[in-house]
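Once you scroll down, you'll see the structures, which are given as structure tokens.
Below, subunit A partners subunit B and then partners subunit C, in two separate complexes.
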Partner chain A sequence: MKLAGRIAYRIVMFALTIAFVTALWELYKIVGPQDGGKFLGVRILPRANDNAMPHVSTMLSRYSRPEVRGSDKKIWIVVLSGAWFSLRLSLVGFFLGTTIGISLAVLMARFNVIRRGLLPYLVMSQTVPLIALAPLVVSWGGKLEIGSFVWPRWLSASILGTFLAFFPIAVGTLRGLTSAPSAALELMESYAASWKQTLFKLRFPAAVPFMVPALKLGASGAVVGVVVAEISTGLKGGIGRLIIEYAREATGDPAKVFTAVFGAAALGLTMSGLVAFSDLFLMRNRPKETST
Partner chain B sequence: MSAAANISAVEVVATSKIFNQGSDKHVDALLDVNLSIQSGEFVSLIGPSGCGKSTLLRLIANLLESTQGSIRVNNKTAAQARLDQDYGMAFQQAGLFDWRTVRKNIELPLELKGWDKDKREARAIEMLGLVKLEEFGNMYPWQLSGGMQQRVAIARALAAHPPLLLMDEPFGALDEMTREYMQGELLRICAETSTTVVFVTHSIPEAVYLSNRVVVMSPRPGRILEVIEVNLGSKRNEQTRAADGFFRSITAVREALRGTHAEHVAANAIRGAEDR
Partner chain C sequence: MKKQSLKMALVGVAVMSLIAGACGGSDTAATEETTATAETTAPAAECVTPTPVKLQLQWFTQAQFAGYYAAQDQGFYAEQCLDVTILEGAVDISPQTVLANGEADFAISWVSKALASREGGANIVNIAQVFQRSGTLQVSFKDKNITTPADFKGKNIGNWGYGNEFEIFAALTAAGLDPAKDVKLVQQQFDMAGLLAGDIDAAEAMTYNEYAQVLEAVNPKTKALYTAGDFNVVSYEAEGVGMLQDAIWADGKRLSDAAYVDTATKFVAASLQGWAFCRDNTSACRDIVVSKGSKLGASHQLWQMNEVNKLIWPAAGGAGMIDAAAWDRTVALSQSAKNLEGGTVLTKAPDAGAYTNDIVTAALALLNGKGVDTTGSAYMPETVALTEGGN
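Entry: the complex of A and B
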């Protein structure tokens, strides 16, 4: 089947890319200067010693050893549960971001006034540095009291994920919704179709090729938002917290931080993988692939 | 067809259309147009680019509002006729939805009308038979040739059995061979369904071959210069394209288009000079 072939092709390409990067890493460790290359006192080549660049095999074998000496908890379990924690926060953020992004896009497609008024502010919102925003959101969340609802700390991290996710989704969906050719819109008008009918039977299907890459961006945005929020607010349990904790031990145990970094990368890949999978499904009957 | 004769399908009275009235982009698209189309008639609108023939079609379809005058379709206001889906429409680009199968494309107007699934399917299959594409119902539009796509578009336009079909250069993007085949098919389909057709084109032979009457329009502001009757009978086929009457009508349309309609439209004038 064509779909299965495409999935297999992607998996093979992914494996080849990983192998290639690994080979580059190890090659540099062989040819690169141990203490880095300096030019006019500025280090332009990274150190190739085992402290700065541990062997890939060291990093991998680190997974099977305990997190801290004497503990019986293997580090892969800790990283995995951290990634799982962050994945759930990211999913919440992505879900909220998708809902908000698509709703905004529909509103902007429907009302020109809203599009002209809102779009500049949406663009501006993305220039606010996330690091600055994270503590604010946490403190606002802490002050919120809606009946018996208590704002959990993790929700602030999800909200920051939402903040990064909604923007590409809103812009991509808006572009998609307005991409329907005028002849098709005229056709719907000749059928006296309502705006809602046109939205669901023409505009949304026409938007799919634009929405899929936007959702991919949104998914990785949600992960970045959550991880950065975890780091800057010190939220426990997630992969972001593990990265800062392990980074402090980099001198004694250089491979350790990489286990968490790979965990974060795997998390991002999982998220965009989920979207990529929906892409294969949604675009299966389209003339040609438009997404990467 | 004869039973329906003399019943008015489209009534355009003293209609003008001005775009951007009052601004410096002011355009007089149509000026005082009067046109009456009987039920079962095939009428072509022909004229130079920008003469307002597509504008006139869109006024009839109520996709545009006229600035002056009145338009009645099926004895209703044009607006009401659109709401009642009293006409089907086909454009130069087939305009099929890529994400729908051929059959689902044909079902689109029925869906919008709220028909239930079984009825829709039955009608779509009937329409596929009408345009001779029975085996292609489950394929996607982009898997079909341009001519086949245009046949699907016609099937879609006629799916709700509207009494009127409005066509805006539907065969303009097809090659000459396909185009002639489609013209024959269109006449067959219209005869089988006794549909009234308003057809915009800028091909003189196409207008003559298809029409009972050819409406010749002037350059902007669009006015009707002349309405030419084509007397080629109701049964037309490939021999029609070689008949004397065909060439006479072509000459008549051409001269009307030049605005120099000669008195001698007699048989001696033509032959040979006609091919494009």
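Entry: the complex of A and C
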């Protein structure tokens, strides 16, 4: 029952936060300067007019109207199916990122020489701008053939999700694997436990509190990677593509782009929600203050 | 404990099904590339296996590329025994690079941008100049009094970058202004919000897209749509600094191969036939583009179709012919117009191999044999009424 109580509490808090942000948005629209505020020529206050900040009600009502006039497809269906498409790509990216991240962490925990050699490159890999990488990876689509497997275009977007996801997971897991107290490690040694036994019986359990936040970061990283890849390479079907297509119409229909942006936000929440769900399960035997 | 293992199993099943679902994503993604195989018109009798052709566009599906979609939809490509796949562009996709890397057989690109790529080593050749005129404008509110490029002085001038700004530099240079000192160049978004909000005094706009966007927006003062009367428009074509835009580019390495030249001729012919179809059937082409997945509204798309037709027709020398004078002007401007750093788009004139009229001449002969009107001398643009948001 404690668990149900915590979930209920979180749902209430979530709703309250949304209500608070909505109120803040509308309040700013009332008191904020219509044309924004400038201080020494630098814009510090955003514009409060309907073009820059549509009313929340306008944005929500946009969901129930058709995507384009004459089409019978309501925009919420389009956004939902776009989010679903991107969610599946993100999950593939996250799954690959988790696999790669944990494998690298184990390798680095096992062999000091690998850790010293590899870690700087991992850090460096994250400084490569995603938009520079995206066209390259996407060009594999339909060209790369491994045996009978032809690389599909959507997988390239997932790979970019993987690229952002594996790093926090690798670093977090590595930190976790090396966090076992030395007394416990020495105890395992005194039992003549093999490295593998130590890994599964001691190091991994000790790593869980480090891995959960890392997985959360990885999950949102996977979403960001996929959405950016969709924007930069125009992959059709996902939420990123919708954002850029609707952004073009922001001049005449400013609420439209927000529908897709909210879709992307919901996508990110769903992903970290999935991880939080696994967190409840993984951390079930631990004192609650470490759960985030 | 038992409860927990049940929960664990449920989580496991949920995760697995999601991952399985994700792996099934390929069929949805595959709809991206549409092919002409199953189209209406029956191919000629001698066509056994259609030649596969990939065309790389500069941007997402929209009426700017209607001719190619119409040729696909109306079976003009199939008639020429071609199986054409149209690849959409995106923010980070450069058609010139895609073509030079051999990932596409033909690409659509603006001449100045493509020549810059050619100077950078990409062996690409202009084989048909589809847009005979430039569609770039600089749009400003009436009260800014910007009617010529000389009025840009001291103003915030919006531009998109990525090689779409060359005409602005050419106009500034022609007006005797220094882009680095006399104007403030502002990076512009995909929408025209910057102009409406006043951040940009004069915004770059294509006649067929962004200019329509401002006319689809509601004027907060009057609660009605903005009208053309609210704006001043500087047309680079009218100012004499228009550069050639959408052209079909081919892979220069393969032009010595007779089979590729034959494919190119057929491809250009069928594409021009598609454009001729769109000239005479604007609404049908609008519908084709919408059915190919364009997210832009119907009235916006019809406006775009009409404006694009104006850039192509009438084509006195035949559609797709590369006019030496316009070409030379584009090259001269690319060499003389100074950018922010004082450099120019091209450092030297491109060699004679940068364009050829051989293919388009053969293609036009093919079309004239079929009775297609390739000059459009009687073409009259329509009047399109835009609605709010272009929907």
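Here is the rule we use: the second predicted complex is superposed on the first by the 283 of 292 C-alpha atoms of A that agree within 3 Å, B and C clash if a C-alpha of one lies under 4 Å from a C-alpha of the other, contacts with A are read in each partner's own complex, and residues count from 1 in each chain.
Heads up, the rule we're going with is that contacts are C-beta pairs under 8 Å (C-beta built on N, C-alpha and C of every residue); 3 or more make two chains touch, one makes a residue touch a chain.
Computed from a prediction, not measured in an experiment: that's the story for all the values here.
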item: Clash-or-fit label for the pair subunit B, subunit C on subunit A; value: fit
item: Subunit B versus subunit C as contact partner of A:A192, first or second or both or neither; value: first
item: Subunit B versus subunit C, judged by how many residues of subunit A each one touches; value: C
item: Partner chain in contact with A:K201 - subunit B first, subunit C second, else both or neither; value: first
item: Touching partner for A:P181 - first (subunit B), second (subunit C), both, neither; value: first
item: First (subunit B), second (subunit C), both or neither touched by A:G252; value: second
item: Shortest CA-CA distance between subunit B and subunit C [superposed frame, angstrom]; value: 11
item: Set intersection of subunit A contacts, subunit C complex versus subunit B complex; value: none
item: Residues of subunit C touching subunit A in the complex; value: 4, 7-8, 11, 15, 18-19, 21-26, 28-32, 60, 88-94, 98, 101, 103, 189-193, 196-198, 210, 213-214, 216-218, 220, 290, 293, 295-299, 387-391
item: Subunit B-facing residues of subunit A, complex; value: 181, 183-184, 186-193, 197, 201-202, 205, 208, 285-287
item: In the complex, subunit B residues that touch subunit A; value: 61, 63, 82-85, 87-89, 91, 93, 95, 97-100, 108-109, 111-113, 140, 142
item: Touch list for subunit A against partner subunit C, complex; value: 35, 47, 49-52, 66-70, 85, 87-89, 91-92, 95, 131, 134-135, 139, 143, 152-154, 158, 231-237, 242, 244-254, 256, 274, 277-278, 281, 284
